[in-house]
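Sharing a structure below in C-alpha cells format, with a few things to ask.
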Amino acid sequence: MQDYDKLLFAALILGPILFGALALISPSRGLRNAIVIIAAILTAGAGAFLITRTPLQFFMEPWTAHLATGLEFLIVLIVLGLAINIRSWLIAAMALIQLGLAASELLLPGQGGGTESAAPQFVVDNLALILVLVVSIVGSIICVYAIGYMKHHEQHAPPTAAGSGRFFFFLVGFLGAMNGLVMANDLKWLAIFWEATTLCSFMLIGHDRTPEAKNNAKLALLINTFGGLAMMVAGLIAHLSGHGENLSDLTAGWAMLPMALLCLAALTKSAQLPFQSWLLGAMVAPTPVSALLHSATMVKAGSYLVLRLAPAFSGTRLAVIIAIAGAFTFAAASALAIGQSNGKKVLAYSTIANLGLIVTCAGIGTPLAYAAGLFVLCFHAASKGLLFMCIGAIEQKIGSRDIEDMGGIMFLMPVTTVITLIGMGSMLLPPLGMLMSKWLAIESAMHAPLVLFLLVVGSALTVFFWAKWIGRIQTASYHREYKAEKLPFTILATLLLLVLAVVAGGLMTMPIFNAWIIPVVRGMTVAAWTADGLAQLDLAGQLPMWPFLVFLGLGLFVGLISFARFKEKNVREPFLCGENIQGGEHSYNFRSIGDSVNTAWSASYYMGSFFAESWLTPWVNLLAWMVILMLFGTMIGKL
Amino acid sequence: MSASSKSPWIVHYNCNSCNGCDIEFVACLTPMYDVERFGILHVGNPKHADILVVTGSVNHRDVRVLRNVYAQMPEPKVVVALGVCTSSGGIFADCYNIFGDVSKVIPVDVYVPACPPRPEAMIDGIVQALGILERKRAGEVMPSAAKPVLTLRPTAAAEAAPAAAQAAEQGNA
Amino acid sequence: MTLTPQMLTVILAVVLGPILGALVSGLDRKITARVQGRWGPPIIQPFYDVLKLLRKEALGVNRIQIIYVWLHLAFMILTVVLLAMGQDMLMALFAYTFSSVALILGAMSVRSPYSRIGSHRKIMQMFAYEPVLILLIVGVYLITGSFQASSVAQQPLLVKLPLVFLTFLMAAAIKLEKSPFDIATSHHAHQELVKGITIEYAGPYLALIEITHFYEIFIVFAVVASFWATSPAIGLGLAAAGFLALIVVDNVFARLTPMWMLRYMWTVPLTLALSNIIWLYCA
Amino acid sequence: MIKRVFSNLFGSPATRLYPFTRREPFAGSRGQLKNDIAKCIFCGQCQRRCPADAIVVGKKPDKSWAFDRYRCIVCGYCVEVCPVKCLSMDPKHGD
Amino acid sequence: MLNNELPVTRDTLLNEVAARRHQGYRFVTVTCVDLGDRFDILYHFDKDYVLYNLRLSLGRTENLPSISSIFFAAVLVENELKDLFGIPVTDLAIDYGGRFLLSEGSPVAPQRKPDAPPAQPAQTKDGAVK
Amino acid sequence: MSKRTIIPFGPQHPVLPEPIQLRLVMEEERVVEALPAVGYIHRGLEKLVEKKDYNQCVFLAERVCGICSFLHSVTYCQGLEEIMSVTIPDRARFLRLIWGEVHRVHSHLLWLGLLADSFGFENVFMHAWRCREMVLDLLERTAGHRVMLGVSCVGGVRRDISDEGLADILRTVDALQKEFDEFVPVVLNDYSIKQRTVGVGKLTKEQAAELGAVGPVARASGIARDFRETGYAAYGEVGFKIVTETAGDCYARMKVRCGEMYECLNMVRRAVAAMPAGAINVPVKGNPTGEVVARLEQPRGEVIYYLKGNGAKNLERMRIRTPTFANLAPLLAMLPGCELADVPVIVLSIDPCISCTER
C-alpha cells in the first residue's frame, strides 16, 4: 500500500466529511457553494482515480480498532440521545440493546482470530470500486445540483427548516460515510459507517422540521436502527463463533446466521418490502436528499451488501429466499407505483422495485445474474438520480409533485422536460441500460420459476406507470408557445452532465457489459459457478447492438425530419365529437350544456380498485414478512 | 381508378335528419347492400375520412359541428348530402331553427334527393362521389353540385321556345 | 459484403412481411364479411387503403406525435429483424413492447381525451398479454435451452406447449384488436372511443400505423407457425387454423370491457400457460 | 352464433351487387314524381297541396310547371289531388 | 277543454302537483299554448291510462315556479318552456340558461307569439350553465 | 389538475346515430356524472302547423321521425279524428294495426342491431339488419315506401292491401318467425352479450315510476304499461299479450323487445285473419275546433300529441312529447356509476330517438 493510496483513501472518506464541516461553518453562501463544488470535484476525481488503483487493501494500525470501538459507542450514544430527544422509546430501546451488544463484544472473548485476523479492514475490489464510482460521481453531481435547489428551497421552505449549512454538511459528509461503507471489510467499520448513513438520513429527512418531516425522519431512524441492530447482532455472532469479523472471512467461509442477519440489515436499508415505508416517507425531504440518499446511493448500500455476500451464500436456501424476497419486492413495488399520482412516490416505488431486482440477481447468484445485478446498480443510479433532479426542478417550478399537474410543462420548461423524458425513456427503451439489465435479470431467472413469474409480473407493471407519466408530461398543444426556461446554472449543468452520461452509457450498454462487467464477474471466484453459467454470460454479451442503434437512429432521424417539416397549416384540433371551439391555444375546449365552454381533460389511470396503496400495502407487507420469516426458517434447519 | 377512389372512408354526421335518411344510410352498410364492397369503411372519425355523409338540414347548433367535422378531414375530401333536407330543408325548410341547407355551411359535391332516398340511390350517389374524389386528388378544382329545377311547359309552348332556352332554365336554381 | 443466408432472411422478412400482413388483413376482412353474410371488400383492399392514406393530407394535432409514430414503425421492424436474425427472443419482445409503447406515447402526447383513454386501454392490454408472451419464451427456453429465436426450428413446440399455444392465440386476439378485446382501438367505427389510440393520426401517419400493423400481423402469424417450425406445411396450416379461429371468435363475441379483459387474462390464460410451464419444469 | 357464422361462411352472401345487379322496383313504389305535361291543365292544385313547396305552377300567359326534386319529399299527395291525373309516381328512383 | 281538467294558479300549482304525486300519478309532460295575451300551461299526469290535466293561466311576464323539485322528470320540458316561450321558470333543478334546444343564432323565444316582446333579455354570448 | 376525466360524448360520435351530447365526467372509466346537451336536431316543426294545413301536416307528422314514421302520422290522425268526431272504417283500423306492428318489428330489429353494434357484436348487427330488410321490402310492397309509408290520412288510410298483399304479409311473417326462432335465443343466451347487458344500466321499478319511464324501458322494470291495452285502432279486437320483465337492466330491455317482436308477428297474423272488408277511409269535412291529447304506444313507448284547432285549416298548436323525451330522465339516472364502455350500451338500451324528441 502506497502512501498516495492512503491519501486517496482519506480523500474518499474523510474529504467529504471535512468539506461538509467547512460548509457548515462557512459564513457566506458564496463560500459555501464554492466549498461544495470543490468537494464534489475532489471526490469525483478521487473516485475516478481509484479505477487505476484497484484492487487495494488497507491494513489499519492496530490502535484504530480502539478508535472503531469508540466511534461505535459514540454513534450508538448519539442515536440513543436522539431517540430520547424525539421521545421514541422503541428506538431508544434498540439503541440500548446496541449499546449492550457493543459492550458485550468488548467483554466476551471471541473464539479464535477475531480482530487479530490478517484480513484488511478496508478492501477496494471491483464491486467496491463500482459503488465508489457511483457514490462519488453521481453523488457529487447531486451535491452540486443541491446548490441551486437549496437557494430556491430556502425561500419557500417552512420557517422551521434548519439552515442550509447543516444541510450541506450532512449531504456532502454523507458521501464520505458511503464510501467508507462500501470499502469497509471489517464488520465494525461497516457498522459504523452504516449507522452514520442512518444518522445523516435522519437529519436530512427531518430538515424541514415540519411535523410530517419529523415523523418520517423518526420512521427512517426506527427502521434503519432495526437494521443496524441486526448488523450488530451479526457482528457479535461472528465474533463469538469465530468466523471472523470481516466480510471477506464471511464470504469465504460458511456463516449462515450472521449472513442472514446482514441480509436482513441490507433489506431494511434498501427499503425492501416490508421495510419500504421509511423510504416513501423520506420523500418529504428536499429533492436532492431523495436523489442522493434514497435512490442513487444510500439505499444502494443495502443491495451492495447483498451483492457482496452473494458469492458466499450462492446455491444455498438463503439465496433462494433472498431471490424471492427481491422479486416479490420488484413486483409489489411496481404494482404500488401504479396507484400513485405523487411523482416522487412513484420514483420511490420504482427505486424500491429496482433494488429488489438487484437483490433478486444476488439471490439467483449465477454469473449472468450477478452481472445483471451490477448492471442494474450502475444504470439505475444514473437514471434515477437524474429523474429525481428533474422532478425537483419541475416541482420548484409548478409547485406540485403530482403527476396530473405536470401536463403542459413542455411549454413551461422545455429543457427540463426533454431531459426528464430522456431519463424516463432510459427506463423503457431498448437498448438503454435499464432495459438491458432487466433483460439480463429475466434471462438469468429462467431456472427459478417463482422468481421468474414475479419478475414477469413486475416488468409488465413497470410499463404502466412510466408510460402514463411520460404521456402526461409530454402532452402538447400545437399553438402554445414554448417559454425560454431559466434554470440555476448548477441545476442546468448537472442535469446536462447526467443526461449525457445516461445517454452515452445507454447507447454503449453492450460494450460496457463486455469490457467491464464481464471481466469483473469473471474475476470473481465463486465455488457455485459453473462453466456453463459463465458461458451464458458470454452469450449474453454477444447480443448485437447495431440493429438497435440503426433502427433507433433511423426512427428518430426520420421522425425528426417529419417533425421539422410539419406545417402549421396542417394542425387540427383534437377530436372532440365536433364540438371544438376553434382557434387559440385551447383547442381542447368544447361546447356543452347550454353552449357553455368546457375543457376536455383526461386524467391518467391509477386503477384504484387494483392498486390502491392503502389496501395493497398491508397484504404485500404480510407476504413480505412471511418471506423474512422464511429467511430465518432456513436457519433453523441448519442450526 | 386509383387507390383514392378504391378506399373511400366515410364519416357520417346527422344534422337535423328525421332518422329516415340516417337509417337508410346505415342500411347501406348491412349485408343486403354492403358498401364495403367498394372499399368503403364507416370510420366515424373525420380525421380518417375521405367522404363526409350529411343527412338533414343544418340548425343553428349544428353549424359549428359540421364546420368542425369538415375542417378536421384531410384533403382530398368530398361531401355527399343525402335526402332533400340536406339540399333544401325539405319539408322543414320553413322551420324557425333551420340555419339552412348544407351548402350554406360547407361545399357539397353530391346531392341525393328523395325523402329518404333508397339505399340504391345512396350507393349511386357515393359511387358518383368516388369519381369526384379521384379528380380532386388529381388536383382538379371541382364546382359544387347543382340542384337543377325541372321546368316543363305546355307542349305547344315547348315547341315554340328554342331548346337552348329550356336548357338554360334548368341551370342552378 | 457477401449476402449470407441470414441476411437474406432478414431482407426477405422486412420486405415481404408487411405484404403478407396486408394480405392476411385483406383476407380477414373478406372472410369476416362472408361470415356476416356480406360480399366484402377485395382481398387487396389494405393496399388500396395504405396507398390512399399515403397520399392524403398529413394532418396532426402537434409535432411530438409524429416522432413516436416513426419509432413505432422502426421498433416493429427491429423486432422482425431480430427474429429473422434468430436473435434473443426476449430482446425481440422488448423491442416489440417498445413499439407499442411508442404508439401509446404518441397518442398520449395530444390533448385528446379519446386518444388518451385509448392509450390507457392499450397499456392495460399490454399488461394483459405481456406475461403470456414472456411465458411463451420461457416455455421455448425450457424446451430448447436457448433464448435464440433460431432455436425454435429444432422441434415441434406445439407438442410440449399446447396450452401456451392456446394462450398465445388469446394474446394475439388482443394484439390484433379482435373481439372481445378490441378496446383500445377498433377497425370498427362503432366503438365508444371512436378510433381510440389512432384517432389523432391522419393520412400518411395513419398509413405508417397501418404498415406497422401489417408487420405485427406478420409477426403474430409467424410465431403461430413457428409452433411447428420443423415442417413448413404444418406450420402454415397451424397459422391458417389460428387465423380462422380468431375470425370466428371475433364474430361470436361482443366487445367486452377493459376490466373484464384484465380479470380474464390474469386468470384463465395465465393459469393455462403457467400450468404448461410448470409441467415443463417438472418433466 | 357459431352455427350462423359457419352457415354464412359457406353459404352465399345476402348482398345484392347493386349497381351491377339491379332489382326491379316494386309496383306502386314511390320513386320519383313524373308529369305527363301534355295532359296538365296548370290548375295549381299540386302546388297548393304539396307539403314541401316543391312545385311552382306558372299561371296564365306563361304557363309552366316547375318541379324541384331537391325539395320533393315523394309523398304522392300531388298525384292524389291532380284533377287530370297527369302526375304519376315512377317506381324507379333515378332517371 | 280537456277531460279531467283542473284550473290552478301559480300559488296552488305546487300543492296540486304534489297532490298528484301523492295519488300515484305519473308526470307526463307540460304543454304551453300561447293565447296571445296569456299563456295556457297544461300539466299532464297519467294514472292507469287516464290523463289528469292542470291548467295554469300565466301572464305574459310572470314567473313560473318549477315543479322539478316534485317531479324531477319535468326539468327538461321546463327548460324547453324557457327556451321556446321565454317564460322565466324559477328554481330549475338543472338550468340550461335558455340554451336547451336553441343555440347562438337561433331566434329568441320562437314559439312565443310575435306581438308580445320577449320578457327575457337577449341571450348572452356564452349562455349560462347550471 | 383534476383527477377526473371530462369528455364530450357526441354530437358527432359514431356510436350515437343521432346528434346529442353527453358531457361525461369520469373517474378513470367510471362515470360519475352525465348531463345531456341537446338541441342539435331541434328544427321547430311544431310551429309549422301555422304554415301548413292540417292535411299536409299528416306528412309532416310522418317526418317527425324516420323510424316509427307511420305511428306518428297515426297518432296525429287519431287526434284530429277525435276533435272532429270522425269514426273511421273498421278496415282502416285493422290496416293501421298491421302497418303499425310491422313497423314495430322493423324498429325493434333496427334497435337490436344498433345495440349489438354498440358493444361491438358486428355479426348480430348485420344479421338483425338483414332480417329487417325483409320487413322493409314488405312495407315497400304494401305501402309504396320503405320508410315513409305515406298511407295515413285523417279519416282512415290512403291505401288498401289486396288479398294477395295480405297473403304476402303472412308469408313474410312466417319467414321472420323462422329467423327469430333461430336467432333470438342465440342472442339472449350469448355469454358475451350477457356480460355486457346483465346488471348494466339498472332502473328499479320505483325509479322507473318516479321518473316517468315509458315503453319497453318501463316494462323491463316491471311496470306493465302499454297503451295498446286501451284498444285504439284494432287492438281491442285483436288483443295482445303485454311483455314485461323485472330486472330493469339492459338485458331485460332486450328481452322485452325480443318478446314484443314475436307478439307483433302474432298480432299481424290475427289481424290478417280477422280483417274486415269495406272502405278504407271516410271523407272529412270542415276544419278542426277544440283541443285534444292523443296518445298511443310506439316501439319506444307512449307518444303524445296535443292538438288545438280553432276552426281554421291550420291548427293553432301542435305539441309532441315523444317516448324518448320521457325516457331521458331515467337514462340520466342509469348512467352514473357505469363504465365508459357501458355508456353506449345504456344509451341505446332506451332506444333513444332524438329526432322526434327535439322536433
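Letters A, B, C, D, E and F mark the chains in the order given here, with residues in each chain numbered from 1 onward.
Keep in mind that, in the parts below, a contact is a pair of C-beta atoms (placed from the backbone, for glycine too) under 8 Å apart; a residue touches a chain by one contact, two chains touch by 3 or more.
A quick note: this is a predicted structure, and the numbers were derived from the prediction, not measured.
In terms of the stated touch criterion, the partners common to chain B and chain F are A, C, D, E, listed by label.
Each step here moves to a touching chain, and the least such steps from chain D to chain E number 2.
Contact with chain B and chain E alike is made by A, F.
When chain centres are set by their Cα atoms, the one at the greatest distance from chain E is A. Seen from the Cα centre of chain B, the chain whose own Cα centre is farthest off is A. Comparing chain C-alpha centroids with the centroid of the full set of protein C-alpha atoms picks out C as the closest. Annotation: 26 Å between the Cα-based centres of chain D and chain F. Averaging Cα coordinates per chain places chain E and chain F 26 Å apart. Chain C and chain D have Cα centroids separated by 50 Å.
Chain geometry summary: the mean Cα position of chain C and that of chain F are 43 Å apart.
Chain F has residues 5-7, 9, 11-15, 28-29, 35, 39, 42, 44, 47, 59-60, 63, 123-124, 126-127, 130, 133, 148, 190 in contact with two or more other chains. Shared interface positions of chain B, defined as residues touching 2 or more other chains, are 13, 30-32, 34, 37, 42-47, 59, 61, 65, 68-69, 72, 90-91, 96-97, 115, 118. Contact with two or more other chains is made by residues 1, 5, 13-15, 17, 51-52, 73-75 of chain D. By the touch rule above, chain A contacts chain C in their complex via residues 407, 428-430, 435, 438-439, 442-443, 446, 449, 452-453, 456-457, 459-461, 463-464, 467-468, 470-472, 474-478, 543-544, 547-548, 551-552, 554-556, 558-560, 562-563, 566, 570-576, 587-588, 600-602, 604-605, 610. For chain C in complex with chain B, the residues that touch the partner chain are 29, 33, 36-42, 45, 47-49, 51-53, 55-59, 187, 189-191, 194-195, 198-203, 206. By the touch criterion given at the top, residues 1, 3-5, 14, 26, 28-30, 49-52, 73-77, 80, 89 of chain D touch chain F in their complex.
The residues of chain E lying in touch with chain B in their complex are 101-107, 110.
By the touch rule above, chain A contacts chain E in their complex via residues 593-597.
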